[in-house]
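Multiple structures follow.
First chain A sits with chain B, and in the next complex the same chain sits with chain C.
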Partner chain A sequence: MEKIGIQLTGIIITTILAFTVGMFYGGLRRKIIARAQNRIGPPVWQNFLDLLKLQGKTTNITHGVMTHLAPVWVVVAAVTALLFIPVLHAGLWFDNFNFKGDLIFLLYIMVFGSLGMALGAGETGNPNSAIGVSRGLSLLVGYEIPFVLSLVAVMLQFHTTSLTDLMHYQQETGRWILLENPFAFLAALFSALGMFHYSPFDIIGAPAELASGPMSEFGGKYLGTLMTGGSIFAFVKLVLLTDIFLGGAGHPGTLTGIWAVLAGLGELIVKTFLLYMIPVSIGIVMPRFRTEQAVRFFWKWPLAFGILAIIWALYKRKYFS
Partner chain B sequence: MSDTKDIRIITRPTKEQIEQAKIDFAPRCTSAGRVNDKETQKTVEFILNFARKHSLFLLAYGTGCGAIEIPATLTSRYDAERLGIRGAATPRQADVLMITGYLSVKTLKRVIRVYEQMQDPKYVVAFGSCTINGGMYFDSYNTIKALDRYIPVDVYIAGCMPRPEAVLKGFAKLQEMIQNGNAGNGECYRKNLDWYRANQRKVIKNWDFPDEYNW
Partner chain C sequence: MDIYVALLILFGGALVAFFIDDLNRRWTGPVALAFALAAAVAFALTPEGQHLRLSILGFDLHWQQDSAARFFGWIVLGLTVLALIYSVKYMEGKARLGYFYAVFLMSAGGMLGVSVSRDLISFFVFWEIMTWTSFLLAIYNAYYGVETKGIKYIIFSSIGAYAMLTAIVMAGHYYHTYDLADLWQAGAFSFRSYWYIPASLMLGFAVKAAVVPFHVWAPDVYAKTPMSFTTVFSGAMSKMGVLGLLVVLTGLYAGGGDGMFWFRWILGWLGGITAVAGTLQAIRQNDAKYLLAYSSVAQLGYIVTALATGTRLGLMAALYLAVLHAAFKGALFMVAGAVEKQAGTTDFREISGLIKRMPWTFFVALVSVISLAGVPPLGGFVGKWLLYESLITETHSYFLVIVIFFSSTAAFLYAYRFLFGLFLGQAEEEIKQVKEASWWMLLPMLVLAAVSIVTGMYPGLIFKPAADVLAGWGLPVPDWHMSILLNRWGNQVDLVTVGSTVGVVFVLVAIYITLKGRKTTKWVSTKDISTSGEIPSPQDNLTFQRGFFKPFERAIGRLYDWDANGIWEDLGAALEAFFGFVRKIYTGNAQTYALYVIVFLVVLLIFARRIFG
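And then the complex of A and B:
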């Protein structure tokens, strides 16, 4: 009973952390884009105001049950994925629910939100939504293959499907998987560009082309809920990449107790922010791809890196219990 | 003019009283009905109004020449995003409907549909003198002259055409009205739908709106 209480508290605190960090990253992105365009830009907390306003809308239109469910589905998928990712190293943060083999589970659960959104967007009957969904699924086919190849390479090399084991290995040896298998990191990074849906891969919700695609019929509270889910999911993706390739966060050193946790969170923020800057800064300077260009891109370099990563992993594989 | 309701008495400066046909003003709703009387609700409304005021998703309905001022307002030089104003892609996501310029009868139909698709609280900013009194199209046979006879308008920005500074001033006025709880006429539109529909039917000849649809 006590364990359940601790786990529930852990879930709530982890979700709040992910939400806050994700929303602030979204605001920072808007600010950075504005500075790059020689503008002052909105304040960093602008996304919170947007969310508050969207939740404060007094009327909302619905097109059926799936329209109601889709934003909730997106949030649920994001939170579920979050619960299987260790935020900090073991012992510093709540263990959440990670288990042996959670990497394979994560591969599945990470597309769950997109699929729910596709069903919801399909029910609205808006032609823009239908085009957006078809583009989204094409893009998914594009970036999932290098992503899966990269994760499979890591699993092969270290003979484990557990995130905790990977983090433990990196903490013990002090060698990041970024250096142990650089091609896997490159392939995962390229897929992350597609996963974030930022320019040049913003073909799904292209505002000028598709009127924001699948979201075009979602206004008010639905849009607010989608925004929440998106923020949490951005944090999930960043923490996943940090955990696998950048050694995770939270090396206590001489620190103990709350200070160790705070230092770990600081390390996590620095690492995830640096990772987040890669898609953001590419997005600032790149125009939008067409769908077939995007898919062709993912099937060219990232796929090649993914195959190289597997070959590298077969040569460098390590066995440990 | 037999009905006394349609007659109003006007006193001239010479103290002479004359009868004149009543002007059919657009209906006005007071802000009294909008804010709940409970103290807790007032606090919630204050916080929400603060958020609404600093987060305006703008749907610019570029009908006329005024549309050229909107990119200037939103991009680097005048940077409306620092005030929380950003473009919205669809009416469902938008808060502010901005009518930039004259409206022909054909586009009026689309504007009404767009306005009805927006979610409350929704605001309308009419831009340029064309929306106020017809502007340079005052004697045109197929443009409407006063926008507020067809959809409720919160803020007018006068000028032919107003510069981005004037647009930002208009937004500042809108923000002030939102904070005071005076903006947003969606409720009023629904309440006085008959009046608006009558006016819309007068100009729109091929009326094919659905009789009943949810907003």
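And then the complex of A and C:
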């Protein structure tokens, strides 16, 4: 019973943490883009205010059951993925279900939300939404390929498909996989650009062309819930990359108890923030690709890096249990 | 109960169904269904391990109710029974029902016969029954172009059958037996001794499993056959090709595993290419039936690749996917049939927005499509996981896994297109009178959808019989658990945790979003949308269906120019040119022949001294 209590507390704490960090990162991005464009920009906590406003709206419009449930799918995918990713190394409240899912599972659960969102957007009957979905799915095929190549390279190099094992290896040896297999990191980083859907890969929402695409029919509580799911999901993606390539966060070192957790969280925030700045800063300066250009982009250099990563991994293969 | 009873019931039922149609057309369907049910009961009552040996015309036939027979037999009988329940309403009012049901039952008998045959002679006889009956059903709808599309199927099947027959005769000649167990023992399927025996057999099986480049018959035939039989056609009959490949693989293992290289790499890559080719074509289709037909080709590609690995997880993946593919693709073909029956067409460009008209059909389609796409927490994910893990951890085919992954990610595109095209999108005026399908049609669909749901949490229900099949034939068996997936490196996925997490979070958030502001939430029609400030009138057509994935097609680019049909057409043209040339020699004119004789004599005279010294 006590175990279940800890588990539940852990799940709630992890979700709240992911939500808060994700929302703040979103606000920071708005601020940074504004500064780059020589504007003052909204305050960092603007996303929270937006969320409050959206949840408080009295008119909510939906087009049917799938539209109604679309934000639910997004939240479910984000939270489920979050619970199966080790947020901190050996952190009491952040263990959740780390050992119970592997990388292949994570890859698949991460598209669960996009599919649900696509179904909901499809039911609205808005042609812009459908075009956005068509673009989004095409882009997915684009960036998943180098990402999978990079993951397969890491898996075969370290003989595990488990994220926990990868983190453990990096903590034990102190060598990040970023350095152990740099090509895999490059391929994954390129894929992450696509995953975040920021410029130049913002073809799905494409404000000027598609009137925010799949999102266009969502408002009020629906948009608010979508925002919540999206923020958690942004955090999930960052933590996933940090765990695989940057050694994760949280050292079982000299600090103990709450201080160890806080230090670990600090480390996590520094790492994820640095990672997050890559797609954000590229997004500031790049214009938008056309869909086929975006898809093809991933099949050129990122794909080449992915193949190099596999060759590198075969060369440097480490047998570790 | 003896092993032949189920077969006798099916073939006898075919006769009865054929003649009862003349008495009362309304009884044909239910009678055929009753016979199929009786056959299923007889099959269930046949004790495990029962043998039947017959000697006909000097051939020793051998049938056995082993775990493999049960496994594939249940795929066949289960789908047949469900498809016949579905047919009762689906085929209502169609012509030539006696013909349809008689051939249907014979086809099921053929497939069941293939499943229980343990010698090559009866295997081949049942195989041919299965092929011919399915051909007769493929041309049941007298559609435009039937003479070329149906014929393509029978030509490819014949080539496969001749190849098989050659292999069987050679096996009999070299090893003096047709019994599978003896042939396995003798190493008849080894690539070392007589490599053309397994190669020719595999050619025959590859045709049935629609492996590139022998797949060109499949899309047209799957799409044009009445949907109630396509369910069985794609769900069960293609699995007979898988069974055949499993027989060859068992022979390879019994022969010490030499030749695994050929099997693993050639067949594995052919499966991978099949998966990609089928997926890319499915993305382009504008008709739900063709989309599903190409998707079947692609899914069989996964199964063939999984089988080709020949490893523990890979074989498990192949058998698991065989069942799951039967479940979700069977359900999807039934969905396409239901839409065709209720709305008159399955062309995405003519129909959309059926979700409110056919909610139950949509539910089945949704579950089956998620399972097809391999997204957790439904059953399809387990198959995909096993396949990937076997390729990564067991055979180290790192590039093949990328090919498979590409095709299964691209499968999201056509999976979405299927749902969007038929059920989502703009609900135009024309579909207002469309009604939900009859419960006779919904019930089998819901049963098949339930398979996908249950196996998402408890795949062990299928692992157990599959492990029995592998153990029974001496193939490598993986460790399996009821709801935990384990790979060779000890990494796991706990499906109950996954399923319950998804379920609990889903319910919580769904309750929140439903209850919050419930009174003020407005449910509006698909015409009430934001289009740059303008309000579309009911007559405005806002449907987006044509060229849905055009950007993706542009990204793929030249790859779409490759067409396997072209290869065969070129081959046909080349053969025709060759025959034309031959006809110039054998003109049929006596004077020309006289000329040949004289020329020959002259040549002989000129070279006589050199030749005869």
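Just so it is clear, the second predicted complex is superposed on the first by the 315 of 321 C-alpha atoms of A that agree within 3 Å, B and C clash if a C-alpha of one lies under 4 Å from a C-alpha of the other, contacts with A are read in each partner's own complex, and residues count from 1 in each chain.
As a working rule, contacts are C-beta pairs under 8 Å (C-beta built on N, C-alpha and C of every residue); 3 or more make two chains touch, one makes a residue touch a chain.
None of the values given here were measured: they were computed from a predicted structure.
Participant: Could you tell me if A:83 is touching chain B, chain C, both of them or neither one (first, second, both, neither)?
Facilitator: In the superposition, A:83 contacts chain C only.
Participant: Look at A:133 in the shared chain and tell me whether it touches chain B only, chain C only, both, or neither; answer first, second, both or neither.
Facilitator: second
Participant: Give one of first, second, both or neither to describe whether A:211 is in contact with chain B, with chain C, with both, or with none.
Facilitator: both
Participant: Tell me which touches more residues of chain A here: chain C or chain B.
Facilitator: So, of the two partners, C touches more residues of chain A.
Participant: In the overlaid three-chain picture, which partner chain does A:75 touch, first (chain B) or second (chain C), both, or neither?
Facilitator: Second partner only, chain C.
Participant: One more residue to check, A:301. First (chain B), second (chain C), both or neither?
Facilitator: Neither partner.
Participant: Going by the contact rule set out at the top, does A:259 touch chain B (first), chain C (second), both, or neither?
Facilitator: A:259: touches no partner chain.
Participant: Which parts of chain A are in contact with chain B and also with chain C?
Facilitator: Residues 57-61, 128, 211, 216-217, 220, which sit in both footprints.
Participant: Where on chain A is chain B touching in the complex?
Facilitator: Touch list, chain A to chain B: 30, 34, 37-42, 46, 49-50, 52-53, 56-61, 128, 207, 211-212, 215-220, 223.
Participant: Spell out the part of chain B that touches chain A in their complex, as residue ranges.
Facilitator: Within the complex, chain B touches chain A at residues 47-48, 51-52, 54-55, 75-76, 79, 81-82, 84, 86-87, 89-95, 117-121, 186, 214-215.
Participant: For the complex, give me every residue of chain A touching chain C.
Facilitator: Touch list, chain A to chain C: 55, 57-66, 68-69, 71-73, 75-76, 79-80, 83-84, 97, 99-102, 104-105, 108-109, 111-112, 115, 118-119, 122-128, 130-131, 133-135, 137-138, 140-142, 144-145, 148-149, 152-153, 155-156, 159-162, 165, 211, 216-217, 220-222, 225, 290-292, 295-296, 299, 306, 310, 314.
Participant: Chain A touches which residues of chain C in the complex?
Facilitator: 353, 355-356, 359, 366, 370, 373-376, 381, 384-385, 388-389, 392-393, 396, 398-399, 401-402, 405-406, 409-410, 412-413, 416, 419-420, 424-427, 487, 489, 491-494, 497-498, 501-502, 505-506, 509-510, 512-514, 516-517, 520-532, 542-544, 548-552, 554-555
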